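Letters A, B, C, D, E and F mark the chains as written, and numbering starts fresh at 1 in each.
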Amino acid sequence: MFTRRTKLITIITESALEHTLIDDFDRLGAGGYTITNARGKGYTGVRDGRWPTDSNIRVEVICDTELADTIAEHIIKTYYRDYAVMVYIGDVTVVKPDKSGKGS
Amino acid sequence: MFTRRTKLITIITESALEHTLIDDFDRLGAGGYTITNARGKGYTGVRDGRWPTDSNIRVEVICDTELADTIAEHIIKTYYRDYAVMVYIGDVTVVKPDKSGKGS
Amino acid sequence: MFTRRTKLITIITESALEHTLIDDFDRLGAGGYTITNARGKGYTGVRDGRWPTDSNIRVEVICDTELADTIAEHIIKTYYRDYAVMVYIGDVTVVKPDKSGKGS
Amino acid sequence: MSLDPVVLFFILGLCAGLVRAEMRLPSAIYEFLSIILLLAIGLKGGIELSKQSIGDLLPDTMAVVAMGFVLPLLAFPLLRYIGRLEKVDAASVAAHYGSVSVGTYAVAVTYLTAQQIYFEEYMPLFLVLLEVPAILVGIVLVRGISKNTRWGKLLHEVFLGKSVVLLLGGLLIGWVAGPEGVESIAGLFFDPFKGVLALFLLEMGLIAASQVSCLRRYGLFLLGFGVVFPIFSGLIGGGLGVMLGLSIGGTMLLATLAASASYIAVPAAMRIALPEANPTLSLTAALGITFPFNIIFGIPLYHKFAEYFHTIGG
Amino acid sequence: MSLDPVVLFFILGLCAGLVRAEMRLPSAIYEFLSIILLLAIGLKGGIELSKQSIGDLLPDTMAVVAMGFVLPLLAFPLLRYIGRLEKVDAASVAAHYGSVSVGTYAVAVTYLTAQQIYFEEYMPLFLVLLEVPAILVGIVLVRGISKNTRWGKLLHEVFLGKSVVLLLGGLLIGWVAGPEGVESIAGLFFDPFKGVLALFLLEMGLIAASQVSCLRRYGLFLLGFGVVFPIFSGLIGGGLGVMLGLSIGGTMLLATLAASASYIAVPAAMRIALPEANPTLSLTAALGITFPFNIIFGIPLYHKFAEYFHTIGG
Amino acid sequence: MSLDPVVLFFILGLCAGLVRAEMRLPSAIYEFLSIILLLAIGLKGGIELSKQSIGDLLPDTMAVVAMGFVLPLLAFPLLRYIGRLEKVDAASVAAHYGSVSVGTYAVAVTYLTAQQIYFEEYMPLFLVLLEVPAILVGIVLVRGISKNTRWGKLLHEVFLGKSVVLLLGGLLIGWVAGPEGVESIAGLFFDPFKGVLALFLLEMGLIAASQVSCLRRYGLFLLGFGVVFPIFSGLIGGGLGVMLGLSIGGTMLLATLAASASYIAVPAAMRIALPEANPTLSLTAALGITFPFNIIFGIPLYHKFAEYFHTIGG
């Protein structure tokens, strides 16, 4: 078993951006992503999911520091002004059977 | 682009508390929150969401250390005895376009 | 109020494994778990939840380092080859009313 | 005894749950079905009210509300002193049994309809009136009429819960729109009613089965209470029905209402109002014991009660 | 004025929302109901088209599409120069009001049916044709016909949105299968239609009520616009209806289409096409003001318009 | 060839999916529709069984179960040696094609009903009997009858899957309640049946379209197998039908059952029983190729088979 310290970037934003973000991840070279439905409140107000335009997604991408920064920068630059967006990065240790892992 | 190390407090508790918690956050001065539906098991038993009174929510608040402690203390004091509650705090780095951010 | 630094292990995998994983946790001695529905993409491809066999769950277990390692190893050994699985571990601080907590 | 198909659906759910079949209704569907049931029941009652003079119903109404206050007060001492439950648990269980179950009511109506037995169509009015009083009694039993209790929030929760709003809303719409107006929406609310109830009961069977594992934890007293108290309150409800001059069908429905225990509105209200009460205890009793008992055995029994009371009362 | 039960359901939702009752339809159910409504409306229109020569409808069709382009161009200057909205917000609101609301259309059809007033059954064709033009106008008002705009993606979003696909799909299936073919699926799409609409409106009432808190933020101009512009565009739609030789019922429906504002397709398209527009502003107007106004007061008013126009026009 | 509306809904879904329209049924609704279909089919069959002597059906029943064991054994060598699939993948695909598709069956019944062709109403019994044997064959082909396999857990999963429980439950309820009993729940299960099937097929079309991108990955063999094997097994099923003395309609239904491939029960079972099998491969074949083929072309073809066999057999 092999473990690697890496980054977990979490993006909470409008459901309307789901497809666009997925395209972005593919283009920027992320190995994967995980999405859950969410609701919340932030600077842009309450987004409680009562109406399709009012629902959030919570997106996680596990990747190295460099890609996490690239993704964060891209999202802040592209969507922060016009959309409800929150981005944060944390440290995690990914566990895989061997150094290469399944995906790389 | 500006990053700030801050806290992420996560609360897993009964769905019945959703509105009450939201009021608490507003009162305690949180800038926002994110909620997802969840199910689980803990000391109070299995909560698998089969019945309305048996479902959980997973609530996240990003805030500074001080507020995280205030929130944690409030929740433990107010709800821990009578409700299914799990609270934990982690470190994250929030990414914003500039120092002030959108919300502060 | 008492806080304890501990581990948060997150497993993202196929919904089909939910019951099996829950049995595993019980057997390995986890004090609890939290599950949310998720969708995503990884090495095994897109799992967007359109079809029952294509949906993910996101499972979290809070436990000490040792148990986190045991769980991680068990999952990697048992499911990694044949199922869509991602496992990572992070550090969190659990907040409880006193040293023993509710559950221990 | 030949069982109605809706009861067979309940039994199917019960069996599937007991053998742990991988099956459940999505919760959105369960809610959809229960919304249709609540509105349909309300609408039916409202249509009838539009034909009645409300003044004539006032005495009956007050008597029924009084029963809603009395039933939990009868249950409480049994639970506290015979069952030796904690005070707050006894109050909470009493509130569940003093209130009513819409699903049980719907099965009772189906039972009467299948046998073409007449009943007073305005009974849904009593159904909605019986939802709330027991909750208030349960809270007062624990908290007193203390000023510390946040009554505003509580009453909001209790009076504006989903089932009260939908039943009352249905009653009002049925009352305003009358028979012809409501006729136009029969295709969703009335024609599929019994099928909707069948599917609803399938899920209720699955849920009831999942409560069985909790049963062992609480022992024989709860099992006994969950069967005996409904019979006892069924007698009270039946007696009141005869006193109010209701038909056999109406008497049987009032007995069923009295005998039924809430598993939706009251659990939600108790979680807010009396959070220190053990929620599993009440739910296991109401959902795991009393609901199945009433659906399968209770309803024919309350019919017998009504017939008997009418023999001796008439 | 006696209100149709479906309007009563809307009012029930509105009231329940305003007193903050703990109630909502699961979003899966809301979507289910809206899918049934869209397909049913499409199917009805398609059956009628199968009896028509499409060539005969071409001139009317083009006139209606033209109205779809003109309405937002009328709304825009009002919003920009009287309402002093930002350019992008004015364009976005104009797009909402130039497009149409399927829920409003369904209530108008129900209104006519209840009063047994004849209307041209192919009106759903106009409904689907009016969805899109205003969106294009809104975008062009802000972006121009700039090559930078990712038109491919936008047009895909706009023309392949859920409501266009379902309405158009329903039209085509109704057209191909004809009356007898569609008859066989009436049990889901036609018999429960009005009940489905009632439940849909219950949720719309709840949603509309939740918009009220936003109303204050945007002040009186928005309130005025949300009431006055529909009346104005209702006059235009009604006038066009008479010019096209539609019946009183058809004229009233075209007036209603013109007067209605989109709250589903356009908000979604604007979020992609003009993200810098404030989405709450448009939604509050369309959903919180114009929709309730149309359902309760507008529809009878547009009926009056149609009658009046027919008196002077005929 | 004039297409039934339900097939048109499938084609609408297929087209909408292929042009990547932003549309899908909420999964709770998809489940709701499939629960209604399963129960309705079961109930229909059960009503018929209540009129039959079960003993008379025993030989037919055993022959059909035997076919359920034989079909995957025929598919396996083709997949393994001509298709050159891995052993476990060949076994898994064989299990899918040996089992049945309830959606396909429902469309076939609709086809017969629309053309007023008689068929043996107890066919749902065969439907449920054919679900399981192929799964067992698939597992044994890979694991042998090894003691290591956790048969207890597997059999539980296989025999207590949602579709078996609902079909069987429906059969039993229909059998116990009989025609009049079930009549009372027709408003949910029978009247809207064809509309429910239409909506179900709309979503199936969307899903099938999303499988197309996987098609390329697996190449021509899978495409060929997904079309040719159903024709082949349709001949077997049709032949058996004639041998059992079924009517033309019954023969056609048995051919359709044989020709259909499972895309719900078997994928779920394989994920537990043979996790090393590639799940996308089987699903692409069953859902992306065979299901659309059967719905659009297969069913009329199996009707021809049945007529032909009856000509030569009778």
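One rule holds in what follows: a residue touches a chain if its C-beta (ideal position, glycine included) is under 8 Å from a C-beta of that chain, and two chains touch if they have at least 3 such contacts.
Everything numeric here is computed off the predicted structure, so don't read it as measured data.
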item	value
Partner chains shared by chain A and chain E (touch criterion as defined above)	none
Reference chain A; chain at largest CA-centroid distance	D
Between chain E and chain D, distance of the C-alpha-averaged centres to the nearest whole Å	41
Centroid distance [mean C-alpha coordinates] between chain B and chain A, Å	19
Residues of chain E engaged with two or more neighbouring chains	26-29, 32, 191-192
Sites on chain A at which at least two other chains make contact	36-37, 81, 90-91
Contact pairs between chains, per stated definition	A-B, A-C, A-E, B-C, B-D, C-F, D-E, D-F, E-F
Chain E residues touching chain D - in the complex, by the definition given at the top	3-6, 8-9, 12, 16, 19-23, 25-29, 32, 114, 191-196, 198-199
Complex interface listing, chain B residues touching chain D	14, 16, 45, 49-53, 81-83
Interfacial residue positions of chain E with respect to chain F in the complex	26-29, 31-32, 35-36, 39, 156-157, 160-162, 165-166, 169, 172-173, 176-177, 181-182, 184-189, 191-192
Chain C contact footprint on chain B (complex, rising order)	10, 12, 36-44, 56, 58, 72-73, 76-77, 80, 86-91
Partner chain A, residues of chain B touching it in the complex	1, 3, 6, 8, 22, 31-37, 62, 90-97, 101-103
